[in-house]
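Two complexes follow with chain A in common, the first pairing it with chain B and the second with chain C.
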Partner chain A sequence: MSATEARTAALKVEDLEVAYDVRGVLRPVLRGVSFEIRPGEAYGLVGESGCGKSTTAYAAVRYLPGNGHITAGRALIGGDDVTAMGAEDLRALRASRISMVYQDPGQSLNPTIKVGKQVAEAFAVLGASKEEARERAIEALRRVRIADAERVMERYPYQLSGGMQQRAVIAMALACDPQLLILDEPTTGLDATVEAEVLDLVANLRDETGAAILLIAHNLGVVRRTCDRVGIMYAGRIVEEGIAGEVFDDPQHPYTVGLLRCLPRRGAAKSERRLDTIPGSLPLIGTPLPACVFEDRCALASAECRTALPTASHPRPDRTVFCHHVDRVAELVAAPVTAAAGEVAPGEVVLQLEDVSKTFRQGGHEVRALVGVDLELRAGETLGLVGESGSGKTTLAKAILGIHAADQGGVIRLDGETLAGLTTQRSADARRAIQIIFQNPDSALNRSKTVRSILSRALSKLAGLSGQAADDRLEKIREEVVLSPRHLDLKPRQLSGGLKQRVAIGNAFAGDPRIVVCDEPTSALDVSVQAAILNLLADLQRDEQASYIVISHDLGVVRYLSDRIAVLYLGRLMEVGDAATVFAGPHHPYTEALLSAVPSVDGDPPARIRLEGEVPSAIDVPSGCVFHTRCPRAIQGTCEASEPPLVEVEAGHMMRCHIPIDELRRLQATDAG
Partner chain B sequence: MSAVDPTAFEPPAPLEDAGAAADRRSARREKLRLFVRNPSAIIGGAILIFWIICAIFGDVIAPYSPFATDFDGHVPPGGTNILGTDQLGRDVLSRVIIGSRDVLIAAPICAIIGVGLGTLLGMLMGYYRGWLDDTLGRVIEAFLALPVPLVALLALAALGSSTTTVVLTVGIFFTPIVARTVRAAVLAERENDYVQAAKLRGENGLYIMFREILPNITGPIVVEFTVRIGYAVFTIAFLSFLGVGIQPPTPDWGLMVSEEYALIIGGYWWVTVFPALAIASLVIAVNLVADAMQEVNER
Partner chain C sequence: MLRFLIRRIALGLVTLLLLTVIVFALSNVIPGDVGRQILGPFAPQESVDELNQRLGTDQPLYTQYFNRMADYARGDLGESYASREPVSKLIGESFWASAKLALLALLVTIPLAVIAGVYAALKRGSIFDRVIVTLSLAGSSLPEFVTATFIIVTLGVSLSIFPVLARPPDGADPLTQLYYLAMPIMALVIVYFGYIARMARAGVVAALEADYTRTAVMKGLKRGVVIRRHVLRNALLPTISVVATQTGYLFGGLLAVELIFNYNGLGRLLVTAARDKDLPLLSAGVLVIGIVYMIATLLADVLISILNPRVRLGEDG
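Right after this comes the complex of A and B.
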């Protein structure tokens, strides 16, 4: 490559190798990563945890932790070799030419300093005077679409929502007018609607500033929406690189194919198909790997994959794939999906909620987190709860579980019997009947206990088993959740995330529950692990006739597991119906906006609905239809005046909206066309 | 492999954690290794072992009987009496060696009482919170506001001075401090979902506190225990010095200091300085060990 060519790239990484020093042993994390980001281009690095995507970004700006070493290769920013820079040059480079935005904006902002001062500081560092810095800070906040910048300047970070915080962080990152903006999981942990706003903002800013973007994300949809090109990473190597949309629509590396087949996409439902999984599991850092890092999990692997490093091939224009068997990848793509056992007819009504509300008292105010919810759940049926944070999904689940008592007046019935508010007041049978799978198995499993003692205790308390009967049942549960016998004597921290979640699932199923609440059951897991857990949940449900209440922000997951969907907004049910109906439409305008906000790996519809503003406070709820303040289809004079009732608009489909369903159907069909 | 059917691969009990398991087990060994190599632990541990040997084998090590008044009074260090003799002609070296005995028994017992009661209170406060926490919290704050020497003096005057009462008094004085530490640890720990899960399967509060939460907060409790031993050594010596602690003629360091500290000005420094150094060395040793433990714990 010529020198001028190198100069044109905003970031050029050449054969970068990084190793972490763990107790004196150098463990390789990056095994020769090369890619290039042109000025103004957005490049996405995608991969599962431990693949080295963050390490790549940090190494590129020499920001590795103390035990991280660049052992080979170079990283050039605007043509300057970062790996050969002295401390002073490096500081100058970081101050003026690159910026980073991290995952959790709450952590990036100092909680004790007003937002305005923090943003102004970013300009003061660059040499602006105090007044000048303040003015430029206001300007910067406006640039990230914060409408009343002056007021936001005077706030502390905790007074801002997650989305606003992330905007402020982005404003700071843009202070130096960077050539390269590195975004490390910038929207993870944000609501779909907020995520959509932040991604729109990033796209707009890119057009305005011309900065190149390096986006690190595990969410393929986010990358597809934001990036021009994408690099798929696995075990410290880029295995496939190309134009984002093309790579996702027409993957050419076995790993990319596998990853995409793991995702519940295009309305996949558990009754139709099982999800594919990638055999084996992610390699641990430091494990010796064959020449092709994906060899031991690859269905196409042959002898040469173990010994010979795959070279770059270009099966498509603008595509680079590192695989010995590119010519056979089509076989993987064409492999049929495994059909599921088909639809299971739901049984009797197990759980009935009538007019369930929950009011919290907060500083003298009443916060109505849940308002008059009526729902039914049948045996073997899955109900998906959907809504932004603060919509009342978790409040509802907690009321059903008895973690907190619902307000007087509402009734929760299990098999026709009214349940006491709190789990401690309920009978042992009622407790056994309703269990939960938590989001984070690290928190849900006691780290001081072995898997065996965790499961045994659940068996004795929930199933009332002891001795041989308990051992037999333990064995059965172990088989059901696909753990091997030796896992029983390990402690949770000795297990991988997927295995931990299996233990947590076994724990919930110990007492043959009738209803299991799944609170974001896979959001802490990698894509390939998620597929296996979703399959397991579907299998267990069929075998045990259990009913699920699934809470997830991932609509693909909700769609896959759910038979029915309930959409909540500000504690009210906005729409309830069969999963297929709710996803197919006509939708409630809120559901429509939610569906449209979620970035899809299959690409976005041509016209997207953008929700303005944030979820209003539950203390000061809007008049009339609570959604009218953000509703793109609100009818002037009607929606703010009266709250529409939740009515059946067609068979099995309830909606709370003033707009008649035929009108919604017409509107939504027009917009889609 | 030629048959291509990616769906055929449901993971059969993944095996990747074998390495992780070994890693973690060696992580525990690593903790021990770090502790053993920690300079604070080495120095502190050496001094501590020295005093423990003195306490156990004192009778063999000590050149003379600590009670025998066989020598002239106030013989300066050197010669037959390496550390000199006191006013009554007792060998200071022998008394310092044997003097480690009471304190090394009494101090850990104080710490056990303080940490035991403190853990119990702290668990109750942190787990139940609400009025219990508020009430006990205020009591503890009031207690901590009292001047320790005065109250200890009062308590010992009322109860009568004996090793038992000293140990009890000191132990009880430690309780509120430990309770606050444990409470903070429980507050953080109870946010974990496994506590919620335990409630949902119908466990009672005692089970959740002691079987679920306690094993996860042993780190700070052990550190607290070690720190308290150090403080106990100091406090016991201090009470002896005031004359309300261990009673003569027992060879106790605090007592030895108090008996003749007024004579330092007369030039008889050795009777006071050596037991004082002994106290200091033991306190420092225990604290060095505690520091090392904390450091390793927090890694």
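Right after this comes the complex of A and C.
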């Protein structure tokens, strides 16, 4: 311990305070942030959106927006005070000692300059000649496991996939062998398997280069997989700090406990329990706060919390917690979960898909986005769709909604009646029966209208209601989606993301839908808001007997809501079954890889399967089993030769694989042990 | 790229054809008799009929239209009803006059406005920035005729620095011509400046805030390099495209200035032609404007595609 402390910290933040100038008024955002990242260590910063994570990172490299000011405290990089540096020193520091990678690699690369030139620039700035810089750029791209580096050098950013772009950005960031690499949501927006690859890459590079890492991520699984230590941030302060896995398994601050209890963890399902939420919301920027920033949302708050700043305590080794009542946190941890309000027995079959395919034509090629899908959905049942991007989830949802027509030959039946391909050809009843909720509620809500008129319009359009009947129903929907009467007179932009999503849900439920497609319904929301929305969806389903089709890359969310799961790969169903069965295994090899790629807040299985490479193009589909090019369990000679059929391998569990289920069970048990 | 060009040109030709139809249709909606219009209210009916027959204006509309198109195809723009001079000559003269005025104005404005806009963006929030923003807003929100009249009244009438009529004597040397054109150019500069400066400023501000600029800064590049290599190119793309696609807007300004300064340009010619129901002149003039417009947007697209790999490599249409 003392040996590490003797070495200068890679980043040391001391009582940092930052305020943003909003129309002439300084509004504090960071209220005394202190933490330290040791050389070679990976440190995670976690907390609700707006708590100040990015602000901390940008302040540490002195790249705050024009209206941001460091009002107190210091940030030291390798012992040098960044807050006191002149422009030239700062430039030299950025060129040679620190690097940054952020969300959306497509945006962080200059669209008009070739990738190679951009990477080479990072070497040229260190004094390399033009030739040398080029050579080293190729090397750098190889180092981030880009196989055909020479070719990638000549490409423009838009010609690369998101994962490749992020690799190029990381290659650039590593050019100077930085002491500190800051990653702000580096994998948000990337596909689960690509995310896993990028995280593995970061971990390997860290071993190679010894760089310290500051990782900001809202996905706690990502933090757990990548980081040694983690700081939990709330309203501009770090409230708990410790070893990542230990903090997530045994939180000691009331906020951390609350945050973790919001997550659908350890296989939680809607039939067993409701999710906890944290009442209230993050204080607005610049509001004066009581001594403990979490006081107004904390169940343990006492008078002391309003007046005295909580000091550091160490309830566990390697743990620091800022709370007056650490001794009582166990009460919160032990608080019983709220049981679900009852299970819904699935009813009649509502939706039936038989041999549904969808072929797009693109530049003379046939793209088979969906191939022979057979599925059933019962009343009050949720079907979770799982698969990498490009696997056909959205295409399937759109075919069901009639946004595009499925190919001739397949049949989609609603309550036994065959549906026309396109919404426009369907009856008003059929149209009303199938609704959608998007990730981004804005796309579904008219920005210039009040919530009241948005919902009234949906009622008249979908349910044909007007006058008193419409008003009554509107009132009922408002209660169901838990909006207060005050919200009805606001416009979408005056609402938070969670409230907007409630309006969008109310909108979808206006016409008593039979089926609601939920496309990443909570991906843009904070965990506490997510928990409330998931509870709401579960409640509505129970009360209205609606069926859901849920698409989400968050397997915790899918598992929580779903009764059954369908796994898609290259437009084909690979596995279908009850949620519990599919998650418990034996898994189809693709599902197995997918489950193991997704980082979980509960930690990774002892042996992780790496899914290499990207999904093959749907234009040029592999022979035999379409997954054989990436399948870790592929049987040579069999899998590339013939495509296995989708067969029932045990009661209620279908799979498309040449390996018999008992063999899979044996293989997967051995690997896990 | 070639495919893109061919497609654009084909599309342009179709647009032009539509334009001729519209102009032709519109000019025939205006009631009145072409022969009567030309010869005046007191001419005998026989002469009017005879004239109509000679001009072909007694024929059904579609015949008139097809005849005109056939003439155009042969390169014959016809004769002006009003002055009996060949349309090609009239249009040619006034076209060059307009082009001279517009090009001179743009030559002054573009560098000025781009530099001012870029500089304002780089010094965002400074006094200079605020002055530029205010000036350009004022310049482009005032109607052209107000600006132009103001210039005439102050510089021309009160101070008598410049001649009030923008008509240089025949065969005047370039300097004298410039002297005569100074005020209309000034009026146009004021109108165009605000527009272009604001576009340039907005483009640079957006590029400065873009993630790729942040990446460049975090690489430790010098500020000058960041701006030259990463900011300007991305910033000026939208400026070019907007300026070019707004050629119509530039024509509007030109027209007003020509009328007020009594300048013998295309704009003034067209207004007169419309008043006189001088169909051959009007439709040829509109066609010329259409062609110029098409070429301007085409040039802009080519320029943009040179700067923007995504368009150049043709993957996105």
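Following the convention adopted for this analysis, the second predicted complex is superposed on the first by the 665 of 673 C-alpha atoms of A that agree within 3 Å, B and C clash if a C-alpha of one lies under 4 Å from a C-alpha of the other, contacts with A are read in each partner's own complex, and residues count from 1 in each chain.
As a convention for this text, a contact is a pair of C-beta atoms (placed from the backbone, for glycine too) under 8 Å apart; a residue touches a chain by one contact, two chains touch by 3 or more.
Bear in mind that the values here come from a model prediction, so they are computed numbers and not experimental data.
The superposition on chain A brings chain B into a clash with chain C. Within the superposed three-chain model, A:G363 lies out of touch with both chain B and chain C [touch as defined at top].
Ranking chain B and chain C by residues of chain A touched puts B first. Judged by the touch definition given at the top, the superposed model places A:I113 against chain C, while chain B stays out of reach.
Contacts of A:G24 after superposition: neither chain B nor chain C is touched. In the superposed model, A:G637 lies in contact with neither chain B nor chain C.
In the superposition on chain A, contact of A:G467 is made with neither chain B nor chain C. With both structures placed on the common chain, the touch criterion links A:A299 to chain B but leaves chain C unconnected.
Of the two partner chains placed by the overlay, only chain B lies in contact with A:T424; chain C stays clear of it. When both complexes are overlaid on chain A, the residue A:Q435 reaches chain B alone and has no touch with chain C. Among the listed stretches 129-137, 147-155 or 219-227 of chain B, only 147-155 clashes with chain C once the two complexes are superposed. The touching residues of chain B, when paired with chain A in their complex, are 1, 4-7, 9-17, 19-21, 23-24, 30, 191-194, 196-197, 199-203, 212, 215-216. Those residues of chain A lying in contact with chain C across their complex are 61, 63, 66, 91-96, 98-100, 102, 104, 107-114, 118, 121-122, 125, 156, 158-159, 169, 172, 175-176. If you check the complex, the residues on chain C that touch chain A are 124-125, 210-212, 214-222, 229-230, 233-234, 237, 307-310, 313, 315. By the touch rule above, chain A contacts chain B in their complex via residues 23, 257-258, 261, 274, 276-284, 287, 299-302, 328, 331-332, 335-338, 401-403, 423-424, 428, 431-432, 434-436, 438-440, 443-449, 457-458, 461-462, 482-484, 487, 490-491, 493-496, 498-499, 507, 511, 532, 535.
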